[in-house]
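Heads up, there are several structures right after this.
In the two complexes that follow, subunit A is the common piece, with subunit B as its partner first and subunit C second.
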Partner chain A sequence: MSEPRPLSRRDFLTQVSWVAAAAPWFVPLMTTSAYAQDEPIRVGLVGVGSRGTKLLLHLQTIPGVVVAAVCDNYSPNLVDAARRADGARRFTDYRALLDAQEVDALVIATPPSSHADISCAAMRTGCDVFCEKVMALTIEDCDRMMRVRQETGRRLQIGFQRLFDVRYVAAIEAVRAGRIGPITHMKAHWHRNDDWRRPVRDPRLERQINWRLYRDLSGGPIAELAAHQIVTSNWILGERPSRMTGFGGVNFWKDGRETHDNASVMFEYPGGALLTQTSLLSNRRDGVVEQVIGPEGSIELEAGRYFPEAVPPSPAIVQLLRDLKMGLLRTVPLGGPSWVTPEGSEASGSYLVDDARIPSPTQLELEVFVNSVRTETSLPELLNESYRASLAVVLANRAVDEGRVVAWAEAGSP
Partner chain B sequence: MKAIVISSERLRREAQVFMLCVVSALCVNALSIAYYETSWVELITSFPITFLLSIVAYLSSLVVRGLSTFFFRRRDSA
Partner chain C sequence: MGTRLDVVMPDVEPAHGRAVFQSIADEVARLEGRLSRFRRTSFVTRINLEAGDRPVRLDEEMWSLLTRCAELHRRTSGAFDVTVLPLLQLWGFTGEHPPDKRPSAAEILSVRDRVGMEKLIFDATSAAVRFSVDGMKIDFGAVGKGLALERVEVILRESGIASALVNFGDSSILVVGPHPLGGPWPIGVRRSDEDPTVLHTWATMDTAISSSGGANQSMTIDGSSYGHVVDPRTGVPTDAGVLVSVLATSAVEAEALSTALTVLDSPADVLRNFDAQGVAVDRDDRVSSYGVRRVV
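Let's look at the complex of A and B:
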């Protein structure tokens, strides 16, 4: 059997045009050519650390995009980015970059605490904005970004790349086709085993480099990790949680950090479905898993695999051998049938999309952004998903911090 | 060094025993298909498993026949 070839743009646009039903934000890719180079889009990047550099590399592969400026207040990152983006002007302050008025769009990959200020300033100077997730760390800042976008009419896109993952779109299609029945539960975890620290040569730069460990700069694992899974839950269920609660703390990396190294949060949706999510920095065995569960089956989103509850029976001869073995070796429960532990299914599931042919979600989200800038298309559904997820992150952190159940009404948003 | 000679008669008998094992395994598969109410196509699709069972049955028969020959010879020589 021949190896599946990578999914080309043409494949993507023609063969998976069904994505528009579940993810209308793909429309700019389908209705316009991504190769229009007559009017180059001049893009500036603010924050060119690890994520910013990744975005830079993706942007450089998009035809018609010129990386015109890079900005960072940490000089090693700035030098490295300027080396990669030949010809781009260097800035150490985003305000100077905006004052120069040399870019059409701004890509922001700074700590979340600065997202609102930079985004709002950029939109007020006439720039369209792509800002990494989460929108902001407070409801007021999220609302401010939405308000400025409304006032200026600029485009604002938040970098939740899972919204551009074809596997997730296929999962939504499967859910809507009734393959798992009504969603009753969603289970997600993001487990890793590292301290999330980066080496710091000068102690004065500690907060600047290790911003993820400080609460006034970062929302911790709930904002950095769980946010990706909250946005997909909202998207798949088509609604935002009605209330949430959780716990979190530092139980392993006791190095003076302020953000959690373990957190477990639970979200209840209006229809009754629950999302349970755990983030852990001290064990990676389970990795990243997102499961959508219903009475007819379940779907592992990140793997794009579908597991029907009704598993096709094994061949009769296999059943016979299994029954003979069970008859000879089975364990006899002492307390009757209710004491028998239910066994999970051993079915390996089936893939919803050919894994080898999935385009990079980050590449797609940037292409959609560039095309929406070029065609002046607004993507309200996309922004709404990002806004709701960002609010849910703020409220979940509040629930953990205050040890209580927090209702969505506290966000002051419908 | 003594040459090991397997007679054609012996070979034919072993082939017959193995065929008997194959047919028996196929019968077991047919009975299990009827019992578990699965598709009769499994007579073909499950043939690798059936064939494996035939080999297991043949090897078992070799052990049984070898042991019985050993004990009968000892009794005759006693």
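Let's look at the complex of A and C:
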């Protein structure tokens, strides 16, 4: 069987014109000027490892984008990226890249500890910035990025790609339509079974290559994995957590790493809903699941599936009730083979988005970024979601580190 | 019973309707607890565990049901049989994985030795039943919903409900009294929710409809599609494309007949013995009628 054809952009925009209410950051995609090919947007990439390369490949498919510069302090990655981006200037230091003043926008895919410095420097030199999530590892750095953005008037977008997943938007629509009732709980886990290490040819490069394992460079699984699920939880609930707590540690990959290989965190929201999230690096059976739960049903966000609590009514009975109400006497197509309680559907649910050929969220987030740069559009709701999720990650790590319940008020942000 | 139950009671005061529905739901749950072979504590489970070794005494309800099934077995020339379970298991229709290939004739014959209501030994004096062959099993799956509908009818009438439609998963429907607009309720027969083309319409009033067909429970083995009804006499499943529907004054008889008609070569001869009418639809939607007295 052949792979489904990806939705064309026209298909997508037609189908998701309802998206704007739940995700106003889609708006730049819907503007007619979005694909104008007047002045090319010159983009530089800082950090061209696995994620950065993926962003590079997506950027190269966007009309009117020129990847003008690539930067990495790890030469194999830089060589590889330069090979992919023909004509791009190579840099080993982002400051040199910025000093050259040859790019309009900077895409940052470096370890989170460096996000604030690079982003702020870029915005101060007049660049718009797309920075991978999370914003930063401290509240001070997150706030600094917000402050510099405000001072410079540049665009700052953080790469939480789930905010661009049509399935999640459809889930919000379903929640707002009352299909699961009020949200009482969010349950998420991200389980994998590997040591999260990359091969290191020179021991001196260990921290540089395996930055995810070191606390001064990375927020560990809560920042790298749970962050995606925290941002969607905040988005769907329409609020940020009021307090959080959790546990975590290293109980399997005892190889000298500093970040957790297992963590379980809990967030309480002002409306009373909880998010419980587990990250695990020692078993992959449960994979990645994000459930939104209410008294009338639940939704698995990552799969776009809806599971009603009650058995759906027979369509013929629905017709009969309608006919009786309207005083109609007509044949009801009710009789037939036994309708069996759908164990299959209990297992697989029903899909919220009819067409499974949904666009890549990473592609969409980059297109939105490029178009917002081109049209000089700010997306405050998008940045606010990213900021709140990044703060929640910092506070959750603090709760685990200090073994206590941490209130949102500690972020010093509304 | 692995399906949904709809009860439509027009023009009934809501509180009364809810109370009646609760009584119905309680009775259905009680019956399921007794009749389901999936319940460890059901009467059927006890029979299946013990009747091979010794006679199992039945209470009045179980004795009445089992002897009634034996009578239906005789009146349908053996086409309806509550001991067919081992054959259903052989073909993989009971939740087990379907076989990779069609069972051999020898396998079918071997299992068929354990099937047949004539192999049940009834002792009327002590109201007991015993299996005459090891490995026999009883399954009321083909008739349980009919019995439940008969009980539901009693509840409805005792509750003063003059007009109601009860639907057990579309395959078993009971209509009590006239349609609120007068006369019988026109109930169409179709292959599935997804294919609601009406192939036949029953005019129903104080009658039950039972339908049987493979649309929702068929399986494919070696490229051949089989319906979930196995002929207890040959040990072979029916054509998955065949849909049968029966209208009868007795819900239990409607259930037994819809199963029997699926496998019978001469349905009219059997239907003549009942206050019932039937239609059979082949895979090309050609409808054959048996004793149909009124067509809407």
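The definition used in the following text is that the second predicted complex is superposed on the first by the 367 of 414 C-alpha atoms of A that agree within 3 Å, B and C clash if a C-alpha of one lies under 4 Å from a C-alpha of the other, contacts with A are read in each partner's own complex, and residues count from 1 in each chain.
Just so it is clear, contacts are C-beta pairs under 8 Å (C-beta built on N, C-alpha and C of every residue); 3 or more make two chains touch, one makes a residue touch a chain.
In this text, all values refer to a predicted model and were calculated from it rather than measured experimentally.
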item	value
Dominant contact partner of subunit A by residue count, subunit C or subunit B	C
Touching partner for A:315 - first (subunit B), second (subunit C), both, neither	both
First, second, both or neither for A:177, with subunit B first and subunit C second	neither
Partner chain(s) touched by A:324 [first = subunit B, second = subunit C, both, neither]	second
Where subunit A meets both subunit C and subunit B, residue numbers	313, 315-317, 320
Complex contact set, residues of subunit B against subunit A	28-29, 32-33, 35-36, 38, 42, 45-46, 49-50, 53
Subunit A residues touching subunit B - in the complex, by the definition given at the top	313, 315-320
Subunit A residues within the subunit C interface of the complex	311, 313-317, 320-321, 324, 327, 329-341
In the complex, subunit C residues that touch subunit A	2-4, 6, 8, 10, 165, 167, 169-173, 179-183, 185-193, 196-198, 201-202, 209, 211-217, 243, 245, 296
